[in-house]
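We call the chains A, B, C and D, going by the order they appear; numbering starts again at 1 in every chain.
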Amino acid sequence: MSRVFVILFTLFRSGIVGLRSAAGTALISAVTIGIALFLVGAFALTIVNMEGVQARFSQKLSVTAYLETDVDDEAALEIAERVATVEGVEQVTVVGRDEALERFRGMSGGAALLEGIEENPLPASLEITLVNLNRTPQGLGILATALDGLPGIDEVADGREWIDGYARVTSLVRVSGVAIGTILSLATLLIVANTIRLGIYARENELEILALVGASRTFVRTPFLIEGTLQGVVGGIWAALILWLAYLLLMPQLEYGLMFLLGNAVPRFFNGGEIFFLVAAGAALGFLGSLASLLGWRR
Amino acid sequence: MAAGKVSFFERRDESPVRMYHVSKSYIPGQRAIDDVSMELAKGEFVFLTGQSGAGKTTLLELLFADERPDDGQILVLGRNIARLRGTGIPSLRRRVGVVFQDFKLLPRRSVEDNVRIALDVVGTPRREARSRVFNVLRQVGLQHRRQHEPLALSGGEQQRVAIARALVTEPEILLADEPTGNLDPDLSLEIIELMLSAATRGTTVLVATHDISLVEKYRRRTIRLDGGRLAEDTPAAGGIG
Amino acid sequence: MSRVFVILFTLFRSGIVGLRSAAGTALISAVTIGIALFLVGAFALTIVNMEGVQARFSQKLSVTAYLETDVDDEAALEIAERVATVEGVEQVTVVGRDEALERFRGMSGGAALLEGIEENPLPASLEITLVNLNRTPQGLGILATALDGLPGIDEVADGREWIDGYARVTSLVRVSGVAIGTILSLATLLIVANTIRLGIYARENELEILALVGASRTFVRTPFLIEGTLQGVVGGIWAALILWLAYLLLMPQLEYGLMFLLGNAVPRFFNGGEIFFLVAAGAALGFLGSLASLLGWRR
Amino acid sequence: MAAGKVSFFERRDESPVRMYHVSKSYIPGQRAIDDVSMELAKGEFVFLTGQSGAGKTTLLELLFADERPDDGQILVLGRNIARLRGTGIPSLRRRVGVVFQDFKLLPRRSVEDNVRIALDVVGTPRREARSRVFNVLRQVGLQHRRQHEPLALSGGEQQRVAIARALVTEPEILLADEPTGNLDPDLSLEIIELMLSAATRGTTVLVATHDISLVEKYRRRTIRLDGGRLAEDTPAAGGIG
């Protein structure tokens, strides 16, 4: 038992001593891991904030159903209640005939047009929003068909063009998000593994000497794994720090444009849990990187 | 694993080192070791001589499983070298001390750490390790340099660190490859005396050397290689030992 | 003379031999440079294609000036010609009263509204686009003020909201483009320098031995510079290849969304010159990376 | 630069190696070389002896500007070591051949390349280099191993590659640090003969060694260091050289 403890202690000590003794190499590895994680982190931060844009974008998405001109506001309310039961509908807002007139008056040239008219010629309409799941061209198409059959509904403006655009942008963001994320993570993993392997190349003869004096594979490798993990942790902390600095420095420049895209949503930095995750990712990268390098090592 | 708990059955009277018709070539057709057979008894002190390139280092490498034989049988401490797998090699090496011809010291560790590493791999408690390291460094005359890194030492000092590392575990077998190549005659004698006293404590010692003055002075059993073949096996002039 | 030639030949040969002899290290450096360049390249490709989006976006930008209702089409044309002389105006399109009526009829509820009316109540209007330089909120504000004073013009709809949005998005793209580009390039440079330096650490004693046998600084360093440059070239080619593969694989997934953003503009890959530039950038990175590493080396 | 075109003025009769009251400490207060003065004549062959850690390697390192003296003057081939700057050090080293105690061979280059590197740095044409490398490898008995990497060689073979590299340029000064530490007696003699013949061709040779049998056999001028101080300077028993 005590022997195992002694060996464990020795291994950990070796990891630290190794770090100190190969300070140059270790520092460079840590910096490289930091840079790679910084890139991944910056991307993640963008994605996190993009969610706000998407949410706002999809809130705007609605179908307008124009009712027949002879439907009065009460009848409109009844129809609205029926529409609300249709599957996929989130909310139905009734725009009464008076409100329609008001809105029309606000449009340029509208007031002039209304000059010669006594009675309100505008129909009431329903603004229908969909549950998140159905905010697709297909979902809207289905809804439009369902509405078209209802009595009292004159015309459905399902804004397919708008919807199509939304669907396209969403798919673009999703696909390129996954693609960039995957590529960036893979690149990071490769860069980190390469960096650590180069560090080990520089100390290959140490590994060999240890093996020659009777050290087991575990004894030889554990310090390098510990070292790699520590480098990863340092890299992760680095990355979080630089990211934060970049966030502080760049936000004033970007705020002007972002406020437009994000609407009222305020751009935000990672929270504590996410920072911890970044550092943990660094540790995992460092560990896996050294493991991969050591597995590739021939002894 | 259960290393340390499980051990190989060894008959007490069996020689710790036995080779039967062993051959080894690095380059096909050129045998570095050619049909060598020999046995070393427990506590025996043996010189291994031969010209440069005769195969001395190769023979030692075969004994601590750094190279594998092409042919023949090698039994070290009861284990068949050719059949060692997994943890077998490290656990054998922990019972064999080796002084390498090129020292093989860890460049960025202190002298002390370099010697202690041999104790670390067997898990010797810290305090015990400390005192053993100090003692062996004193025996090779380097206690005052124990904080330095190998690169700050002279050639002979580095060689003595390598010797200290091999001796500190009090191994069952000690293999020394030209251990006095960088030492002046006085120091060479001291080092050989150290190895002799290890032998009297039961360690089987095999010293590869080209220093005939040493061989002639001690008149121990001497095995001479020539082009990989065992050319001569001169028994000790005095008793066993 | 011949001595210089011999030395040059030897140096180049050493570079190649060095590459071969430290194949593992060299390969890893080349792969790392490749990955880093791939990231920069992917970003550059995005920017190149973004230009299409911006161009389309800004084409849509226009000011509408509604004329007074009593201005007929001929008079409108005259006013248009006067407006065209205002500084910053690119083009003026007259929307005649008939066209306005036509457009209005197309709007939902519009037809119903027009039912009781004999005479066309709608005014003619001018659609004014600006030269590129003036497509800013400021530029538009100035134009609006200038137009307001002209006789015959009733109301100017300068679409400030739209313009403001445009300006914000443009500035966001520009600032984040510069920021990401700078960060990515710096990160790449650092990663490459680090990688090459680690490669040199692994061979530090070779440098030392060469110095001890009387090699000049140039003799010791040139092979490493050549090696680094070659690694950079290989990395650049690597990057171009993977980028091209990624482009081929991802385009079908992204096309749907991109077509919406790019309009008629077709997404494109780098042309020959740009690929050459990528490889040249790799070479430069490799060269500078090794130079930086060697300058850091103490002998 | 104009290296090769510009050279330092040297008086023909001046000794190529001169040291005056030279001291050097690595650790403050501990002098590795302590107030050493000496001169070596052109074509002279000198042994340098002393215990392990006496300062032999340090003395040689001072002579080819790998270490700088703390005190005193060192003039090698007419140049003041302490004042060498920029290209001065490499261009001096190209005129001095060194056999390092730890060989310092490039690990991933062939034996041939390792030897040729010394000619490459002076820009010897390819064909001439080839034949000179072949000749010197034959002299040290390694022509058949010229395609191998150092790690595939025995200790003694590696040492001979290091010797070949130092000899191939026919340097004006040859510094050899324990060049026979890994060689058997017969080979040691051959190597010393090689160095002696270089001396008769005008090379000043300084050989650090602890092999008294060699020193006693040749009875050349012998400088003995003790704790960094020059303890003894025994002139050659025969004539000069």
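Here is the rule we go by: a contact is a pair of C-beta atoms (placed from the backbone, for glycine too) under 8 Å apart; a residue touches a chain by one contact, two chains touch by 3 or more.
Small disclaimer: the values here were computed from a predicted structure and weren't measured.
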| query | What's the chain with its C-alpha centre farthest out from chain D? | reply | A
| field | Inter-centroid spacing, chain C versus chain B (mean Cα positions, whole Å) | value | 67
| field | chain A and chain B, separation of their C-alpha mean positions in angstrom | value | 62
| Using mean CA coordinates as chain centres, what's the chain B-chain D distance in Å? | 32
| message | As a quick test, compute the distance in whole Å between the mean CA positions of chain A and chain C. | response | 23
| query | Multi-chain contacts in chain C: which residues touch at least two other chains? | reply | none
| field | Per-residue multi-chain contacts in chain B, two or more chains | value | none
| message | Chains as vertices, touching pairs as edges: which of line, ring, star, complete or other describes this one? | response | ring
| query | Hey, which chains are touching each other here? | reply | A-B, A-C, B-D, C-D
| Touching residues on chain A, where the partner in the complex is chain C | 24-25, 28-29, 31-32, 35-36, 38-39, 42, 66, 69, 100, 104, 108-109, 112-117, 121-123, 155, 157, 164-165, 168-173, 175-176, 179-180, 183-184, 187, 190-191, 194-195, 197-199, 201-202, 204, 246, 250, 253-254, 256-261
| remark: Listed in rising order, the residues of chain A that touch chain B in the complex are 2-4, 6-7, 9-10, 14, 17, 21-22, 205-206, 208-217, 219
| field | Residues of chain B defined as touching chain D within the complex | value | 26, 49-53, 56-57, 101-102, 152, 154-157, 160, 177-178, 181-187, 210, 212-213
| query | How about chain B: which of its residues touch chain A in the complex? | reply | 3-4, 64, 66, 87, 90-96, 98, 100, 104-109, 113, 117-118, 120-126, 165
